[in-house]
Amino acid sequence: MSLIEGRTGSWEIVIGLEVHAQVVSEAKLFSGASAAFGAEPNTHVSPVDAAFPGMLPVINRHCVEQAVRTGLGLEAQINMVSVFDRKNYFYADLPAGYQISQFTKPVVGEGKITLDMDDGSTREIGITRLHLEQDAGKSLHDQNPTMTYVDLNRAGVALMEIVSEPDLRTAEEAGAYLRKLRSILRYLGTCDGNMEEGSMRCDCNVSVRRPGDPFGTRCEIKNVNSVRFVMQAIEIEARRQVELIEDGGAVIQQTRLFDPNRGETRPMRSKEQAHDYRYFPDPDLLPLVLDPKMVEDLKRNLPELPDKKKARFIADYKLSPYDAGVLVDERITAEFFETVAKGRDPKIAANWVTGELFGTLNREGLGIEQSPVSAQALGELLDLMGDGTLSGKLAKDVFAAMVKTGKAPAEIVEEQGLRQVTDTGAIESSIDAVMAANADKVAEYRSGKDKLFGFFVGQVMKATQGKANPGVVNDILRKKLAG
Amino acid sequence: MALDKATVARIATLARIKVPEADQERLAADLSTIVTWIEQLSEVDTTGVEPMTSVAEMTLFMREDKVTDGNRRDDILANATSPARGAFFTVPKVVE
Amino acid sequence: MGVFTDLTLSDARDGLRKRDFSARELTEAHIAAVEAIRPLNAFIVETPEQALAAAASADVRLGRGEGLPLDGLPLAIKDLFCTKGVQTTAASRILKGFKPPYESTVTENLLNAGAVMLGKTNLDEFAMGSSNMTSAFGPVENPWRRAGDNRPLVPGGSSGGSAAAVAAYAALAATATDTGGSIRQPAGFCGIVGLKPTYGRCSRWGIVAFASSLDQAGPMTRTVRDSAIMLGVMAGHDPKDSTSAPLAVPDFEAALTGDIRGLRIGIPREYRVDGMPAEIEALWKQGIDWLEQAGAKAVEISLPMTKYALPTYYIIAPAEASSNLARYDGVRFGLRVPGATLDEMYENTRAEGFGEEVKRRVLIGTYVLSAGYYDAYYIKAQQVRTLIAKDFAKAFAEVDCILTPTAPSAAFAIGEKADDPLAMYLNDVFTVPVNLAGLPGISVPAGLSSDGLPLGLQVIGKAFDEETMFRVAGVVEQAAQFTHRAQGSRP
């Protein structure tokens, strides 16, 4: 447990996160307008989204299924009956004057997420609930000196609000929680987890207390949009609260905004007023009653999730927990690895994926889905090493050429004549030539300076432009040098 | 229960309806009459009674996940009495 | 010309099919009648050009013998139904000038069946009222007058404009909506037939919402048969309304067999309310006798929660309304009154845009939903609503229909009861429970009060059994032989 050291002693941070995850869907939660990001302002808007008179919500089945799948992925209670409520408040980007959400009866109840900490330990974080709700539109405050502009493209897009228990104790844990949650959502395909585009946003509830004391008063930092900022915001807010209390003040419950440029949190003006959301069941909708068969089907068709996959990689492929963890972080990486590893040495496959491939992708700033080398091609490369066609060194050169040209490894080997030489005759003549040219060194070797062996290997490889099979070179050289 | 001026002011703010101070007293009296009248419901024993959530005994119809609307910005903006700027609705400047 | 407007909807339909006259002639006569009743203030918008164009299309189809179910029949549309490109206001200042880019499902059903829209009728603002006096476009006058008294009377509400238009023979029928009695009570006051179907029978899509769990569209007509014809076209499952019932629409007209032998008619003991005029009590008794004479059996039933229906309604309806009306904020449509800040703009817009009764209900609704009061008011009301629905369910295990008066009084004068919201609310004492239970109810004109005003009887049916209800209503109509006409119906 890591504590904050204040002037008057240590403090523990208590963190609960509310993540708003945009559901991957074609259309919005209650209307037929597109949920796609990045359109011209106010084009992905139906009269339902703009809350025109007489317009009514009709729920999108797929969004319900996505929420249920997410609940199943979080090993959570699925509530067979849930209710949509109206959360009433006035705001520029909330056209109806209420948000359709789920208050007392969410579609998903308690679940959990297991965090893998850097020291190899695990921490279980409770999920309080997951509910479906509508996103709001977007207010643009910087377009005009006297007016705020409103774009309703996002109004009505389906969100899952995923609420954690106040189980997190450090900014690092909060970061690990978000990364793990994002990984699970991406595995499920229920949210793309793209925090930059706002498809995953986080509200952080932060309080501090003396270890062992009851929870302190919390502040909510709204709408933080990257894992890094979440961690920074928590640190900064916790320190602010500690200083405030140590200076004799008291934390007041409020909604705050994180300003990464200034490295501070500050109260939100628009949230100063005490809220009274007047939740009540939306009379335009009926209770959401799930079909047990639907839930069963969704459960059966759930993909293997990161925790299970990691355990399997460790057990079946004998990978280290670290490598397994890195490989399962993204579903697509894990699939890439398994394609490469199929029928091959899994450890070599893991080394190549986490080593050469990740190195290249990082350097080029690419995601694995944009990898210039396919899993198929990488597998072929490993095969060429396996059958002795390529040495490890040559394989790296071929890989580099694959990255550059996108060509198949066999083609590159053929074109560049990189095929490893295993013809003992050719190697023998190279060795003879090297020995002849270095008679003095041969004598030294024979008189006991066996460290020179490496020199001869190097010379032979140089003479064969690296193509000689190192094993064969070693064998023949050793015999010949022995005289 | 009688509503006082402060309560009227509070709910008027929640409902975003401007009620001039001068009208609050009269409105408080009006609303108090109604609230007192509806309070006769407290006579009814509702122990164990489920609140009605839907008068219609039906299951919720669900739409398919298809884009069937949108791309009608002119329709959406045509009735805006605010000075719609280009493609946007506008409101007085908001400070977050 | 008078002859055309005197026709019932079904006679007009048959006449058009036989080509006895054209849709154009029928429509022109009604356009003239709409103009002639302007002093009643029944219409907010008249749409004669649109009506004539629709009539012309109808004539083409009728000429080919391809007439649609309502081809060429001129109707009035309550201004709560969104009509594409035609101003829709809910009789509120806050929606003045609003032209919806869509057509409500119910009016679309009517237009697709060939109906001709004459215009949009006046109503209580956002359908909140029982007198049509809360309209931002001024009150509507009832075409009826008390005998020997020329003071203008209210048509009832909220569908006062639709009721007046039909009672004054300016439209063959009208659409209306009923949240607590807004179809049946004005039908009773104006001497016509008003039907509120089972909740879920007609789509609410495109109807300006008042209280979503109570609102239902229905027809106002001069005969029960016309009501059946209208409902048959208005009703039907709509995938755009989650509360619309996925049921086929029966042939309601075919239900009018006149045969009610063996039916059991419930007479609720608790509807004999204090202060109900003796003549209404007598009319009710008369209704029971008519039904028994036709072979039905009257059975006394008990609906013990009746006295709590009004207070329950006046929690639930304002609560829903306070939320439904939050969208009128001056941003996307309707009135906008400037303010220095966003909240000031909202507060100014809504203070000027809403009338007194609407404000009162929005504030009450906000109050009953607010923190600390929600359980005591809103949850309590929803529990009592469950009990009210149970009362009816229990009664309907014993009976096929229920007969009650429509309202505890005849039409009153414009201005009466205006200062006392509670007295006004009592108008709906017999109609509100039906909405709370989601049942169908129909008001049939059955007699005249001592001062010559129409009085209605209400038949309440089982959920989605409008057919039996129509059958009983048809017998009441037949027995009552209500042939009286409003003095104002021949302007």
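First chain written, first letter: the chains are A, B and C, and each begins at residue 1.
Here is the rule we use: a residue touches a chain if its C-beta (ideal position, glycine included) is under 8 Å from a C-beta of that chain, and two chains touch if they have at least 3 such contacts.
Only a predicted model underlies this, so the values are computations on that prediction, with no experimental measurement involved.
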item	value
Chain contact topology (line, ring, star, complete or other)	complete
Per Cα centroids, the chain farthest from subunit B	A
Middle chain, criterion being Cα centroid separation	B
Cα-centroid distance, subunit B relative to subunit C, in whole angstrom	24
Subunit A and subunit B, separation of their C-alpha mean positions in angstrom	41
Between subunit A and subunit C, centroid-to-centroid distance (C-alpha), Å	57
Overlap residues in subunit C, where contacts from two or more other chains coincide	98, 101, 213, 239, 242-243, 322, 326, 329, 331-333, 342-343, 346, 366, 370
Residues of subunit B touching at least two other chains	14, 16, 53-54, 56, 58, 60-61, 63, 72, 75-76, 89, 91-92, 94
Contacts with 2+ other chains: residues of subunit A	47, 50, 58-59, 90, 92, 148, 150, 276, 278, 283, 285-286
Subunit A contact footprint on subunit C (complex, rising order)	81-82, 88, 90, 95, 98, 100-102, 104, 204-209, 211-213, 239-243, 319-320, 322-323, 325-327, 329, 331-333, 342-343, 346, 366, 369-371, 374, 378
Touching residues on subunit B, where the partner in the complex is subunit C	3, 7-8, 10-19, 27, 30-31, 33-35, 37-44, 46, 49-58, 60-61, 63, 72, 75-76, 78-82, 89, 91-92, 94
For the subunit B and subunit A complex, residues of the former touching the latter	14, 16, 53-54, 56, 58-73, 75-77, 83, 85-96
Residues of subunit C defined as touching subunit B within the complex	97-99, 101, 199-200, 213, 239, 242-246, 305, 307-308, 311-312, 314-315, 322, 326, 329-336, 338-348, 350-351, 354, 359-360, 362-364, 366-368, 370, 376-377, 379-387, 389, 421-422, 436-438, 463
Of subunit A, residues touching subunit B in the complex	25-27, 31-34, 40-48, 50, 58-64, 83, 90, 92, 139-141, 143-152, 257, 268-270, 276, 278, 281, 283, 285-289
